[in-house]
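Have a look at these structures, which come just after this line.
In what comes next, chain A is part of two complexes: it sits with chain B in the first one and with chain C in the second one.
What follows is the complex of A and B.
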């Protein structure tokens, strides 16, 4: 039994239709799951003794621009037992975009989710401290969204006063 | 006919206060190394024995702005860092000068992006811009010599009775 089958069988057995899609590109396994099940699935993948995805390596998001479900949250988790990185995607229904935080599963998710919130404006509900990571406090935009201009919005970031 | 020859003979020289003060000022420009990113490495190289910024009297890199005359802004200045750079500049005593070292500080450089200030002259009075990404140490030394030329032309009374506008800003 290869890794892909092991993981998908276990997740399907437990969650059924919450697993929407499985893709495998050059041994890069990716599960697309329903966004309201993300915490339960994460907890299962972490706690299951055969899988043990105990490390959350990264959390980011995709802005699809004009698509109906505009944002997709992307999680990269790693299992030392299987020596395998797994990608989990969750298409976000809510508008404004929001998804449950996974900090209860992986503590390291805290800052990754803050970064994703900063860059995409996705609200991670029940996050312990959802503040901006990189941009200054009081900044109103989310720079990695498709409708944000690369050069920025003039006057949105304050410069120091000039004395002379 | 050097200065030493004069000294052995109880001699004297005539000059002006402005010339002496200007010479003293330009020969001991203490830099504030505002090394924010990769240009800082070239700035450090300018201080090493090969390029030897000490030849120009500027080897005393002070990491406290209170003792500095010249701020070398070496690196990409983001909008967040701009506040810090300006505050440190405000803490330097008059007279003071600024070198914008490298493409990023001069114009934003390759970071034509929402988070980088497109040229530090938007919030600092810059005296000399240095081209390069990063500029070689020779280029920084050239900028320093240009600054020295500028400082040499100042008069002793130029910086008297300056009101501390920065102080008002800091107290706001």
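What follows is the complex of A and C.
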């Protein structure tokens, strides 16, 4: 696939081994990159005149449960020029999980990173306003982690009849 | 105490109140005030909470607070099979339910490698466009109501009722349709449903021009929207604004054209855009998109082929009940699908569709079992709301209502 080669060649030329894996399952181009290079790679993909991935559609994470590198941050970025959605994955090895924020590259990343922080407890370092997005302030858990039960944790949220 | 004494007494109390000079404000214009708007506020379209910092009537800063309708759909999706999640997609953007149904099953079909028959895909296009018209009618009506034109909401809801009745005939439910299935749709369109849709399209066009006449001869309406909440093109892209709001800022981007899904590549339609990027442009944008949807619907009804509405693939797709009751193989696979799920291959896919509010995307990670390992909903209302703080800065308090209405967020979707 042409687009895949174009993007991979450019990234390899600039970053070399920081690009760990390339896949195109069901024609979705996906680059797995090393987590400490995420901002530099994002900046390159945005500013390069042939690529121009100027908009960030979505940021989320995957909790792999028992794997050694438990969390993977997932970015979906879009280029109007290439009409292409690119997925970037970064396996996070820090414990507690943390990764550099990309708000300096894409402004829209602000809320997406807040949501990911809320749901998975991944700390986005240097984020301007890393508060919880959905859950109340002072809630201790991160609901989309695999060790959080579906029914919730009794007593973790103050319910109206409990507040006195 | 007689009435006259009472009045004199009250007068004394008022005078005493007026004499109370303990509270002194040195300069009234120097003081800022923080007020809370919502979550239970009729003009915030659901349970959106805004915290505003005001200087007089000018908004100095605004912080949206989300999460009052957070139901944890992404968590629930991880604990149910792919088929079980279809009814939950109705509750995301509850004004355009069919669009969500279509988007979700397309995402699962992409992951599992299933293709629906052509007639089913055309039916999906028809219901999605009907749903888009319904959602835009709600958006226009409530937006006009927010800025004081209450007649409009009656007129748009009158038209929307007809769409709900059509859905009642097609899907058996007016509002929470859950009509699509993985591999097709639940039931075929009958002749009466098609006749009803055609009748509706005939009636809609004069109704739309009536609405245009009503709103565009209303100087207060125009005055409250023109030049308010201007979102420049560059900011719209940087903030990740999607859908009609992006196109009203001058970006010609529509997923139906950029990445055609279903059979949108066979349909001839225009992508309306505006360059002004203000509230009025966003109002016009939705009106124009309704007209384009009418065009799409007419072509779909013409081009729709005859055939099956669900794929014949018993291992992956639930067969029709008559086949399950008469054939052994289908019975076994039905049992397996219901109990263990459709087991897509290991991998992850992202698929987005053009919803009334913007780009609705589903990022699904499969580990080969019947339940998704992760299902992320990329909801357009969430992205559009991120622009609120920029748009409202420097606006008046009354403009905040107009800006929220023009962005048209649905909190069921933004909060997931």
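Going forward, the second predicted complex is superposed on the first by the 159 of 164 C-alpha atoms of A that agree within 3 Å, B and C clash if a C-alpha of one lies under 4 Å from a C-alpha of the other, contacts with A are read in each partner's own complex, and residues count from 1 in each chain.
Quick note on the criterion: a contact is a pair of C-beta atoms (placed from the backbone, for glycine too) under 8 Å apart; a residue touches a chain by one contact, two chains touch by 3 or more.
Quantities reported herein were computed from a predicted structural model and do not represent experimental measurements.
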- [ ] Answer with first, second, both or neither: which of chain B and chain C does A:150 touch in the superposed model?
- [x] both
TODO: Could you say whether A:57 touches chain B, chain C, both of them, or neither, answering first, second, both or neither?
DONE: second
Open item on the list: I'd like to know which partner A:160 touches here: chain B for first, chain C for second, both or neither.
Closed with: first
TODO: Using the touch definition from the top, say if A:83 reaches chain B (first), chain C (second), both or neither.
DONE: second
Task: Touched chain A residues, chain B compared with chain C - done: C
- [ ] Go through the superposed model and pick first if A:136 touches only chain B, second if only chain C, both, or neither.
- [x] both
Open item on the list: If I apply the document's touch criterion, which positions on chain A are contacted by chain B in one structure and by chain C in the other?
Closed with: 134-136, 143, 148, 150
- [ ] State the interface residues of chain B toward chain A in the complex, per the touch definition above.
- [x] 79-80, 82-83, 85-87, 90, 112-115, 117, 122-125, 165-166, 169, 172
- [ ] Spell out the part of chain C that touches chain A in their complex, as residue ranges.
- [x] 66-67, 70, 72, 74-76, 78-79, 110-111, 113, 237-240, 251, 253, 258-259, 347-350, 352, 359, 361, 363, 365, 373-374, 376, 378, 382-383, 386, 415-416
- [ ] Note which residues of chain A are touching chain B in the complex, please.
- [x] 134-136, 143, 148-153, 157-164
TODO: Spell out the part of chain A that touches chain C in their complex, as residue ranges.
DONE: 25-26, 28, 30, 54-58, 60, 62-63, 74, 76, 80, 83, 85, 87, 106-108, 110-111, 115, 119, 132-136, 143-144, 148, 150
